[in-house]
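Each of the next two complexes has chain A plus one other chain: chain B in the first, chain C in the second.
After this line comes the complex of A and B, so read on.
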C-alpha cells in the first residue's frame, strides 16, 4: 500500500514536472528519453491493464534506469515517464495521446491495454510517426492494419489463428484416440468471444467435430450455472468457453461444483492469470486456456522472478500477454539503442527488419508480426505451459484426459 | 426444470440482497446513492482482506464489516449529506443534489480502493462446495447468500411494519414534512435509514465476494442492477425488492436454460419495461400525488 501511494505521488510529480520543464527541453542535448503512455487505471479495462501491462512498463523502466538508462551512441540516458489514465475509453486514450505528442513532446509512446484501445490509437500514432507496438491486441485485421500503418506491430496475432491452433490440437488428440468428437462451446457476446467463436465454428465443422452446444452469453452474466448444467447433460468430450476473466473463474468454479469434468476443459482470457492458480490451486491442473508460455526456458524463469520482485505485492505476470508485452519493450529498447538516437522513423525501420533477443526467445518480425505465437496453454504442476502449436520450442505434451476435480 | 428454478431463485435472492440497501437509502433517506456499488465492492475487499490476511471466515467477518459500514454510512450522511438535505427545498432538488454528490463520492471511494489494491481482479474460494437439494447440485456459498437475503428481507420487513422505529422510518418515506408534525426527528431517522442501507450493502458485498470475481472498478455494475431491482419493486419497499429480484433471477435462469443464454439481458429489460408500463411506480409502489 505504501508503494502504491508512492507510485501515485511519483506519477503526479512526473506529470507536474513534465509540464514545468516542457519549454526548455528541446533545444538542449538529450538528457533523458521521454516515454509516454496512457493506460487504463480505471474503468472496465483496468483489470487487464493492472495484471498484464502496468507491472511490465514499471519493471522495464526501473531496470533500464537502474542500468543507467537507454544507450544512445556512447552515453546512457535515463528514461523519464509521462503517463495518463485513459479511463478505459477510446476518446480519453486519443486525447491523452494527442497531449503526449503535442504538449509533452514525448520521444516514444507505449501502447494502451487491449484490442479496442489499440485499434483506437492506431491512426494517431501512425499520423504522428510513432512506433506502435501493440502487444495486447488480438484482431483478425492485424495483417491488414500492419500494411495500412507500417509503424504498427501486432505481437499477439489473430483470433482466427487462435481458433485454428485449438482445432488442430483437438484433431491431433482425436487421431491419437484420446478424445471423441463431441464439442460444446459457450462464448461471451463481446468482441473477443465473437471473433474466436466465429473462427472456431467453421474450423470445428470442417474438422468433422460434432458441435453439440453452441451458445453465447452477455457480458456481466452473474450466474453461468444454467450453461454448465445444460452442457454437462450433453456429456461432451471437449468443452470450450471463449470467456473473459470473471466468467472464466465462474465457469471453472461452477464446473467443479457440478462435477462437470470433460476430457478437455478449455476457458478463455484469464485462465493464464496468476489469480487462476491462486484461486483453484491443485484444481487448476489440466485446465487448458488461451495463451501459455515456455515455462521451462531460463529466460522466462528469470523474467518471472524479476517480475515478482518488482511488482506490488509480489504479483506474478500472466502466462500469455505479459511476457509478450515485456518482449515488446525489449524490442523497442534494442531498436532505439541500435539506432543510437531519438529517430522514430529509423526505429520503426529497425523494428520491421531487425532480430531481437527477448524473454520469449529470438523474435524477427515478418510483415510487422511475429511468426510464432502460443495459443493453447495448460496448467501442469502449477505452471501454465504452452501446448499448442505443438511445433513451438518448449511446447509440452497436453495432459488428456483432464484429471478429476479434487474436493476442497 | 427444477434446476433452472433453483438456480433462478438463488440468483434472484442475490439480486434482492444487492438492492435492499439502496431501497432504504433511496426510498427513505431520498439519497440516490450512485456510489452504492463502490461500497459493495469495498465490503468485498474488506472480506477478501480479512479472509486472506487474517484467515477470518467471511461469515464471521460480517460481525466486523456490518457495524463498521453502518458507522461509516451514518457519518457520511451526517457530515456530507445533511447539508444537502438542509439546503434542498424539494425532494426533487435533493435527488439531483445527492446524485451529483454521490457521483463524486464514487470516484473517491474507487480511487481509494485502486490505490490500496490496484486494478486487478480478485477472487477467493469459500464454501464453494456442492450441496444437493431435491436432486440438484447447487453451490453452498450461493445458497447461503440466498438464505440471508430472505432472512434479512423478512426481518427488515417485520421491523418496518411492527416496531415504533420502523413506523417512523416508513412515515419519513411517505412524507418527511408531515412526519415532523408527529414528533419524528426526520434527520435522525433518515440518517438511520441511510446507515442501515450502508450496512445492508456491505453484507451483500461480503456474501457475493464468496463467489463472484470482482475488481476495484466493478462497482457500477451492481449500482445498475440494484437500481433496476429497486425501481421495479417500488422505491422504498423491501418486499418489492425481494419479489423483483426473484422475478429477474428466475426469468434469467429460465431463459438461459430453455431458450438461449444470450437473451438473459433482453429478458431482464423486457420484464423491467413491462412492469413499469403496467405499474409506473413499481410492483409494490404507490403512485405519488
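After this line comes the complex of A and C, so read on.
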C-alpha cells in the first residue's frame, strides 16, 4: 500500500513539476514569426516526409528569410523555426503539436506528412484555432472534415476523385479507339490501395470496362512476379496498380523483365518520384501514374530549379505532392501578409476566401478544397507531365500506346 | 486493519483526489503528458502483474491495446461509450483466455516469440477482414470524448489496476501465483491448478491492456492497423517494467514514469537524435540497473542497517 502512495506522489510531482517548468515565455514584441512543425524524421513515414515535405519547408523558410522575412504591415519579420520528430506515431505527433502550441507558443504550425498523421492532429489544430493546410493527405472524407474543422484545408483531394479521373481518361481513349476494354487492376492492401480500388471498381464497371483481374497484395510483398505473370497471360489493354513506392518500383521492374507492355501502364505512389526516373531512365517513358504537374509552366520550372539548388544533394521534388506542399506554404505566406499581423482567425478566413498566386497556378479554395487537381501523370521526355484531367491548364495529350520497354 | 494501513489508505485516496483535479490546472501539453504517464503506468503495471510472478516475458501488449482501439473504431459511433468499453473489455478477455489456454504451456523464449507473433497475427486478421469484407482500411473515431475524459478514465483504470493487484497479492490466488513463480512443479504437487491460475492472471491483465487501447482510441481520430498494432508499445512497456522491477506491484510504475518523462524530454530537446540517445539510455539501464529501480532500492535498504551494525561493532 505504501507503494501506491509513492507511485501517486511521484505522478503528482511529475505533473506539478512539469507544469512549473512551463511558465515562462511571456508575450514579447513581434520580432519574429515562430513557425513550428512536427515531422517524421524516423519511422515508417520518414521516407515520404524526406522527399515531399522537409525539403519544401526548408526551401520556403530559407527563401522567406533571405527576403527579410514575412511582411507584417510595413516591416519584415524573419521566421523562427521550432521543430520536432513525431517518430511516425500519431500519439507522438499529437503531443508534439500540443507542445508547440502551449510551450513554444508558435504563431503558425505546418502540417505533418501523410493522411493518418494529418487526421490525428486535426482536432488539436482545430481546438487551438490554428490553420491546418493538409497538403499530403488524400482522404475521401476531406469534404466532411473541412466542414467539421473549418480551419483545415485539404489540398490533395479525395481518392474517389483520383479514380474517377483515371476512368474518365480511359473512357476518352477508348472512344478515340486507342485502347480496348480489358482492364487488369492490382492494389496494395493498405489505406491508399483499398480506397482507390474501391472507387475505381464501380467506376470501371459503370463505364463498361471488363475487369479481367482484380486482386490485392499485402504490404511488404517482395516478389511481385506472380501477379505480373498472371496479368500478362490475360493480355489486358490497361494495367492499373494502386501501389506504394517500393512495389511501384518492383512492379515496373518485373513488367520490364517479363516484357509485359500493355497500352496503358499505370502505377501508384512513387511513379512521380525523381527516384523513378533515376531508376528506369528511358524506360520510364510512357508510364502513367498518380499525380503529375504542368511541367511546361515557367513557375514550375523555376520551382524545380530552386528546389534542386536548395535541397541536400540537389534532390528534385516529386511531381505530385511536393509542388502542392510548396503552394500550401505560399498560400499561408500570402494570407499572413494580407492580414498583416499574427491573427490566426483572420488568416483562416483569408485562406477560405482569398485567391492565391502559387507555383501550381492561381488557387482559390471552395469549401476549403482546391477545385483543380492533377490525378494522372505520364513520363514524357524525362518529365512527369499531368495528362488528366484533360481540362487542366497545361495538360498534355497522353502518349498511347506506351512505347515498348528498351533493353537496358 | 492496522493504523498504518488506514493512514496509507487515506493518503492514497487524497493523492487520487488531487490527481483528479490536475486537468483543471494544467495546460493541454501537460495534460497530454499526464495521459502518456497514466497510459504507460497502467500498461506496465498490468504487464508486471502477470510477468512478475510467472516470469513470462510477453510482447502481446500491443495486440490487446490494438484490439481495444479497433473496437472503439468500429463501435464507437454507434453505441454508448460505457457499453463500448464493456464490449472492448469482453473481447480482450475472450481473446486472452483463448491465447492463454493455447500458449501458457509454452515456456521461455517460445512464449516470447509467440506473443510477438500474436500482435502481427491479429493485425493481419484485421487487415484481411477490412480488405475483403468492409473494403475500408482506415477508420475514423469521432466520439464525444475530451482529453479530460481520457485522463479521468485512465486515472480510474489505474486505481482499479492497483486495487486489483493489491487484492490479488493478499488472496489465496496471489499466494498460489507466488508458489508457481518459485517452482511450478512444487506448485503442481501442492494441488494448485497451474494452468487455470496462469490463464486467469493473463486474462485479468490483458483486459486492462485492452481497456487502455479503447480509452486512448479517441485521441487518434484516425485508426488503421499500423497505428493500432504498433509493436513499439510492447517493447516500451517491457523496458519500463524491467527498469522499475516487475516483481513488485509498484515497480513497473517506477520505470514507466521516469522513462515517459525522459522520452518526452529527449524528443523536445534533441528532435533529430532522440531515438539514438534513447538507445544509449537503454543500454546504460540494462548495465547499471539489472534488477530495476526496485532491486536497487531493496539493496540499499538491506545495506544500510548492516553498515550501521558494523559501525556499532567497531565502536
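Quick notes on this one:
FYI, the second predicted complex is superposed on the first by the 382 of 408 C-alpha atoms of A that agree within 3 Å, B and C clash if a C-alpha of one lies under 4 Å from a C-alpha of the other, contacts with A are read in each partner's own complex, and residues count from 1 in each chain.
Everything that follows uses one rule, which is that a residue touches a chain if its C-beta (ideal position, glycine included) is under 8 Å from a C-beta of that chain, and two chains touch if they have at least 3 such contacts.
Treat the numbers as computed from the prediction; the structure is a model and nothing was measured.
Touch criterion met: A:42 reaches chain B and chain C at once. In the superposition on chain A, contact is made by A:83 with chain C only, not with chain B.
In the superposed model, A:218 makes contact with both chain B and chain C. Residue contacts after overlaying the shared chain place A:189 against chain B and chain C alike. In the superposition on chain A, A:207 makes contact with neither chain B nor chain C. By the document's definition of touching, of the two partners only chain C reaches A:198; chain B does not.
When the two structures are aligned on the shared chain, A:72 is found in touch with neither chain B nor chain C. In the superposition on chain A, the residues of chain A touched by chain B in one structure and by chain C in the other are 1, 4-5, 8, 41-42, 44, 189, 216, 218.
The touching residues of chain A, when paired with chain B in their complex, are 1, 4-5, 8, 40-44, 46-47, 49-51, 54, 186, 189, 215-218, 220-227, 229-230, 245-246, 249-250, 253-254, 256-259, 270, 273, 275, 279-280, 312-313, 315, 407-408. Residues 5, 8-9, 11-12, 15-16, 18-19, 22, 25-34, 36-38, 41, 124, 127-128, 130-131, 135-138, 140, 142, 162, 166, 216, 219-222, 224, 226-227, 230, 232, 248-250, 253-254, 257, 261, 264, 267-268, 271-272, 274-275 of chain C are the ones touching chain A in the complex.
By the touch criterion stated above, chain B contacts chain A in their complex at residues 3-4, 7, 10-11, 14, 110, 114-116, 118-125, 128-130, 137-139, 142, 211-218, 221, 249, 252-253, 256-257, 260-262, 264-265. Across the complex, chain C is touched by residues 1-12, 14-15, 18-19, 22, 41-42, 44, 83-85, 87, 89-92, 94-96, 98-99, 101-103, 115-116, 119-120, 122-124, 127-128, 139, 141, 148, 189-191, 194-195, 198, 216, 218 of chain A.
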